[in-house]
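Have a look at the structure that comes next, please.
As written, the chain order gives the labels A, B, C, D, E, F, G and H, with residue 1 at the start of each chain.
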Amino acid sequence: MDEPALRQLLDDVRSGALSADEAVRRLRRLPFADLGFARLDHHRTLRQGLPEAVYGPGKTPAQCAEVVAELLAEPSGSPVLLTRADPGQVEAALARNPSGVQAAAGVVVWRPAPPRPGRVLVITAGTADLPVAEECTAVLAAFGFAPQLIPDCGVAGVHRLLATVDELADADVVVVVAGMEGALASLVGGITPAPVVAVPTSVGYGAGLQGVTALLAMLASCAAGLTVVGIDNGFGAACAVARMLA
Amino acid sequence: MDEPALRQLLDDVRSGALSADEAVRRLRRLPFADLGFARLDHHRTLRQGLPEAVYGPGKTPAQCAEVVAELLAEPSGSPVLLTRADPGQVEAALARNPSGVQAAAGVVVWRPAPPRPGRVLVITAGTADLPVAEECTAVLAAFGFAPQLIPDCGVAGVHRLLATVDELADADVVVVVAGMEGALASLVGGITPAPVVAVPTSVGYGAGLQGVTALLAMLASCAAGLTVVGIDNGFGAACAVARMLA
Amino acid sequence: MDEPALRQLLDDVRSGALSADEAVRRLRRLPFADLGFARLDHHRTLRQGLPEAVYGPGKTPAQCAEVVAELLAEPSGSPVLLTRADPGQVEAALARNPSGVQAAAGVVVWRPAPPRPGRVLVITAGTADLPVAEECTAVLAAFGFAPQLIPDCGVAGVHRLLATVDELADADVVVVVAGMEGALASLVGGITPAPVVAVPTSVGYGAGLQGVTALLAMLASCAAGLTVVGIDNGFGAACAVARMLA
Amino acid sequence: MDEPALRQLLDDVRSGALSADEAVRRLRRLPFADLGFARLDHHRTLRQGLPEAVYGPGKTPAQCAEVVAELLAEPSGSPVLLTRADPGQVEAALARNPSGVQAAAGVVVWRPAPPRPGRVLVITAGTADLPVAEECTAVLAAFGFAPQLIPDCGVAGVHRLLATVDELADADVVVVVAGMEGALASLVGGITPAPVVAVPTSVGYGAGLQGVTALLAMLASCAAGLTVVGIDNGFGAACAVARMLA
Amino acid sequence: MDEPALRQLLDDVRSGALSADEAVRRLRRLPFADLGFARLDHHRTLRQGLPEAVYGPGKTPAQCAEVVAELLAEPSGSPVLLTRADPGQVEAALARNPSGVQAAAGVVVWRPAPPRPGRVLVITAGTADLPVAEECTAVLAAFGFAPQLIPDCGVAGVHRLLATVDELADADVVVVVAGMEGALASLVGGITPAPVVAVPTSVGYGAGLQGVTALLAMLASCAAGLTVVGIDNGFGAACAVARMLA
Amino acid sequence: MDEPALRQLLDDVRSGALSADEAVRRLRRLPFADLGFARLDHHRTLRQGLPEAVYGPGKTPAQCAEVVAELLAEPSGSPVLLTRADPGQVEAALARNPSGVQAAAGVVVWRPAPPRPGRVLVITAGTADLPVAEECTAVLAAFGFAPQLIPDCGVAGVHRLLATVDELADADVVVVVAGMEGALASLVGGITPAPVVAVPTSVGYGAGLQGVTALLAMLASCAAGLTVVGIDNGFGAACAVARMLA
Amino acid sequence: MDEPALRQLLDDVRSGALSADEAVRRLRRLPFADLGFARLDHHRTLRQGLPEAVYGPGKTPAQCAEVVAELLAEPSGSPVLLTRADPGQVEAALARNPSGVQAAAGVVVWRPAPPRPGRVLVITAGTADLPVAEECTAVLAAFGFAPQLIPDCGVAGVHRLLATVDELADADVVVVVAGMEGALASLVGGITPAPVVAVPTSVGYGAGLQGVTALLAMLASCAAGLTVVGIDNGFGAACAVARMLA
Amino acid sequence: MDEPALRQLLDDVRSGALSADEAVRRLRRLPFADLGFARLDHHRTLRQGLPEAVYGPGKTPAQCAEVVAELLAEPSGSPVLLTRADPGQVEAALARNPSGVQAAAGVVVWRPAPPRPGRVLVITAGTADLPVAEECTAVLAAFGFAPQLIPDCGVAGVHRLLATVDELADADVVVVVAGMEGALASLVGGITPAPVVAVPTSVGYGAGLQGVTALLAMLASCAAGLTVVGIDNGFGAACAVARMLA
């Protein structure tokens, strides 16, 4: 039941063409989705400025290009992101929607949001964690943030982390990207009072279990109040930051 | 917005006290839940005859008794079940709601449904699987079914299963309750054309991994079209059967 | 011991050429399989209309083609399916048995069954779940069903699911295909009174554990009466549906 | 090197009793911890109002009582919490420090913080999740927040959640406490633009794997930007909220 | 259809009271189980001397006593075993069936088999593995074997094992019972040419994972031709030995 | 200390050139390995007729060829096997040692043992299990056995297994090769009194967990006395058979 | 063959009562263990000062007491330890062997070794790790070391660890005892050049997985050259230290 | 605050340009890292002679080459290592830094340390473990050690290990590299009093679980005082040895 139909129903009530009983009956049978969609759209409006994200895996390059095009056709002006895209998907999406920019490996951004306040620090334990961190910073930038990326602060050389103590003190949110044993998250959590979003990565030797070790370690951290996202999920961490700084 | 409020709104439209525009605006802002609840109630009506189940663990005996009492106060006449209840919960619930009957260990039934057609066969691999099977048959009986329980058909003595080949051929649904390696489900699935609901149990030695082995085995079964519920979940199996025979 | 031999034995008893003792002895030694096979054939007859399925992995293209040919040579007229076939297997099977049709990626169908009643709804959480859903619908179509496929109803946008509430209310069976956290199955199970067959898929980030997370979540669902098949097992889900609607 | 010693050193430099070279040498040898502790104290000051938490397990009742007493002896006025305490620990701690109040099972609070702004919504899937949720709300209250607790919104009855859609829209942070399959977190994440802290609980049947299933499901959620804490870690969730609303 | 009924059928054929056609029809409809049971009984006969085992867990003491009594009522004279029985089950079973003897913790034996040839060596890694080893030797003794038990040969003191090198050379079968890392099985497998049945036990520290570590280690052994039974399954090992020495 | 040295020592004792004290001292210092090696060689002699097996993975083709050549140079006449070899390893080994024969995929045999008695039955659940079964039969043939291979007896079609009931009754050892849920092992174990060596394979869908499900199921089997080897370990199963029939 | 027998053999050779050939034959048949034991005793001598440890679990109190008594009867003077003993075992062992001292929960020491050099630092992350750390220090003390125990240096408060930087620099070996996420080991490994023995403990919330998380984290540590012992294995850590400082 | 700034501050104090109060204030605000870095550098000095290691995975060949070049530009003269490098990384690093030598697969060494004392024994269970062992020996050689590598001592042929009993007795440290069930570590630990560093490898069949089985087995070893590093972590083992022999 779209708006014209609803208005017609009310007109029919007014004109007496429809009894109140029947109108109540019809209105109560309104499916969830019709009104509900409107309500959720209202919510969506509240989120204006957040990207629509197209997850690449499992889609053909043509599908990627088409979904991006549809999203860009919406007048909302929200950012549009393609994530976890392979080179063919990136190429197809950019060929059809040439205004985009590849912001990181597998990440393409269209219509980035205007700059927003919020000091976001993204720290990695090692250089091998950089691809995940860069997915995170690329998405944050699409949201309008200007994150600061500090790589290679692994706890094996704790002095590197301690050198960032001022940035940690000033940050509004800290994203910690770490594989292996993921200890950096605990250490950062003990130093900064800011929210910490920990991203375990699949970096490391056999006992790292493809990121499961870092994931478990972050969840079991002795530093209270850490929160964790899924393994290698730089995109999710950026979205968590955006929720926190909305 | 309940029905009187909705009727008032329509009356105000009819009388001109409310403009159509304003009425549309208000209606579109109706929260999901108000109308939605009605719709879902409609669904609930479709399910008449199914039990309302109160899950015991984590509730005090008094809470169990009270929730049961509230459900019995509804005029729907649906069966009410208390499941996984410890002796104290059973006692408290029956003391306050004395019309109930303990149908199996941890299962109490109030207002059982009238008899329904449907041949349901519940087969167990061993006697140690009986508590789970009895939870299942007790819930099925509360639904109005008259399930046939055939215990101790484990594949280590395949002749016991083969002796039930006629019952298997005639069943509308077969529930297989098995721990250890859970092979009985595969065997039954290869013999009967009926739907098979497999219930892994936590029965067995160390390598049974508290039911995980049976669970995995049932999911990986070479017999096509088996479906599986959670470990020791006789209640869930009964509900699955009820969905199939609705 | 086939039928002529059995008849001869009885004739010999009648004629006195064989003592009753000896006949009893011979009959009691009848191997399981000889009579048993007949009995199971009888069951097989009950299943007429269900496909014979050839599972591709581990077979050479030539073997695939040959097994399909043998099955098609049977006069039963049952559908014949090739599943999980790689392109070489598909090509070889179709070259030798040209009446088949590729119904989905890796699925070829010969002699599909005539149309059967039964409203089957196949819902996916995301587009990446489509290959599994399409395996399911292709097999369902080979069985004679006309399943309705509704993709992309993931719970992150619950309005999409709520828009299908009427289809959910009318379905005889609902198949839910979902990866990541598999929450769609719980949600659907809470809305529809129909049987729900949940298919976990290996879609998703690291913590999805190749489908194990969705599998566990579906098994642990708070919606009572869900049943689950193995990871990515669209074929198994279709067979489960066929058992339920037989 | 405490402050008097540092001042003496500087006085000696001024008086010429100590050469600049020697002073540099001594200062450069200052152990991390001495100055560092000061810096971290500065950070601690930033966190004023946050509780000092004493984790009960592994301590004797007397140790619990003593640590609480020491913390209360600090003039900072910060709240002091005892968590996961057994009855003996609670009794001992309150006997020695009688100004405390038991705020939830196993949680005792001394010197709660004054009221702070911030709308925090704590939603549970079932009643069995309440102990974890109450640990969370008790700690939030000790921080000065006035969280709203909405129990029993599990996705099996999605209408219950939809009835809270306005609260979800208004919340500054939402904590979702859910066991079994943990699907509630995904659903909430799809409705609210606020930060969502998901707390998996060990509630549920066998396949819930003591909370691991809910944990994995929350991490693998299709709703972008969820963050997760450890199993049953209501305390951690409260600390995460406090970080976000600092 | 038992033997008298079968003989009657044949008599009716002979007398002409039953047509051959009808007789064939009836015989072909003979359920599997009727003839099958006979065949399997034949197999059972082959196994004379092996115990009937009643698995205690999940049975009431009265049930244990009754099942044992029924088995003893069979004239076969086979040994009867009660395994994994708690003290109450042992007491009840012996009270009703006083001819039994408790042969190990949780193991009661009635009608042990007469002595059989076969040198069986049961070696344990530590004293803590003795309960599992004793379950094994008690069952072996019930079978009629006279196993030799050599405890405490763990590889940390390899000289203890080497002192048994002659026994290892002469054994017909070796059972290795070991927890922790289970290395003893590999070592024994490298020394003896006899069949080795490895029994992992749940003995050991945290990383022993309740026997899973020993289990995996035994399965992954570099000593070719080891075979493994389930964790703590001394009963299963004894049965495996009996199969090998039948 | 080799034999001449030992004799010299004794001669020196006899001649008085060496005191008894010194001789005892020297003899007590004899390293393990010197005498020990001799003792173990004696064991090796007992194993004459068993193959020396060269495990391919991790060796270069040239290394494979060389080790085989060295083993063939020993006059013992034992069979020599190359296992798990890739095509390059097979080619190199056969080029240098042309008397070998490729007996299965990845298995090459030189100097097979003369025929030995022993009825060995190798049963597979599906055609996809054949590579593992063929590794087993190839190794058994190298040992001198003439195993009978019966493929495709999966429990989903129990009549296929029942057709082999006579072979199962007559076998000295049965090897069951099965992936997916591995139920075939339990079924066979319930029918045959012979030793059963169960080989889990990595065949199957996602929930088969690369053979772990079948492995666990076989270990947790309700059929007493099964023994299990590692996943896909057809070689190990053959060695276990050889130990049993030695 | 003990020493008198060996001497007799040599005397017989000298006297001519035994031929050299026969003596060689007899000596070559000496079982491994007889001479071997001697060699290992020689090794044992090298280890003088190390305790003989009796592992309590699985032994009766009387057995514990007896084994300790036997060890004390040996004139070697080595320390004797009882570990993981329950109160009954402790009491029985001390009653029979009253010279012992209970050195930590579950640890009793007899005949402690004289003081040995070596600076051993034992650091714990939290107070709940103390029981494991105290098992370690008690065993180290029995070895003759004077370990320094620094509790409560968890990384959530990194300043506490930094305050120990001098002790870390001076230590010969550092034992890190930590549960939860075990990050302390990485941090210590990055600061000290000394060997680090990391002991994961089962301390912590659900995601700590009873110590598995800490274990994996320590193994996957980004700090090179850490070594790890089993979960809660303070005894093993002490033994590792003793090996390093021998 | 670097040294000149610090000296200026002190000069200002001396000259009266800066009050002592202000100087104290400024000094107390010194960030951790500034002074801390110096302290850690001091530690680094203590570690002179240890290699700087560049971990290849996740870096481009150019990045590898550049980091190596930077490290070589430091005048410390420490060894520089590139580890786990693929051929492209090796080539690029050597092209730019031609003084290096490829010491093992994936390992390149520049400026190896001068010879150091210390007898290090590296033992492998099989030839397939050699790549990990060679990574270890290459790194040990870069440290200045001259490790002895003894391959192929797997416990299936215990005589091979016993032949090395003298080397084991003399070693300062023993590194055991073993896959499959990892039993060699336990055996070695029972023979030698030296520190044992156990390296599990991912060598072996399915149940080896890519090294997890060996890892668990080594951690659960019955030989007291073993220490373990991560799976396939030959580099880590070498670093552990260097810590022990520093």
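Quick note on the criterion: a residue touches a chain if its C-beta (ideal position, glycine included) is under 8 Å from a C-beta of that chain, and two chains touch if they have at least 3 such contacts.
Small disclaimer: the values here were computed from a predicted structure and weren't measured.
Any chain bridging subunit B and subunit F, meaning touching each of them, is among C, E; the list is complete.
Ranking all chains by how far their C-alpha centres lie from the centre of subunit A, first place goes to E. Under half of the residue numbers at the interface between copies subunit D and subunit G are found on both sides, making the touching surfaces mostly different. Centroid to centroid, with C-alpha atoms defining each point, subunit A and subunit B lie 38 Å apart. Rounded to whole angstrom units, the spacing between the C-alpha centres of subunit B and subunit D is 38. Contacts with at least two other chains are made by residues 31-32, 36, 39-40, 126, 157-158, 162, 165, 191, 205, 207-208, 212, 215, 219-221, 224, 230-231, 236 of subunit C. Touching chain pairs in this entry, ordered by label, are A-B, A-C, A-D, A-G, A-H, B-C, B-D, B-E, B-F, C-D, C-E, C-F, D-G, D-H, E-F, E-G, E-H, F-G, F-H, G-H.
Those residues of subunit A lying in contact with subunit D across their complex are 32, 36, 39-40, 43, 46-47, 50, 53, 162, 165, 169, 191-197, 215, 219-221, 224-231, 235-236, 238-244, 246. Of all residues in subunit F, those touching subunit G in their complex are 3, 6-7, 10-11, 13-14, 16, 20, 23-24, 27-32, 35-36, 38-39. On subunit C, the positions that touch subunit D within their shared complex are 125-126, 154-158, 180-183, 186-187, 189-191, 204-205, 207-209, 212-214, 216-224.
Against subunit E, the residues of subunit B that register as touching in their complex are 126-131, 157-160, 162-166, 203, 205-208. Taken together, the subunit C residues at the contact with subunit F in this complex read 31-33, 36-37, 40, 55, 57-59, 63, 200, 202, 210-212, 215, 230-233, 236.
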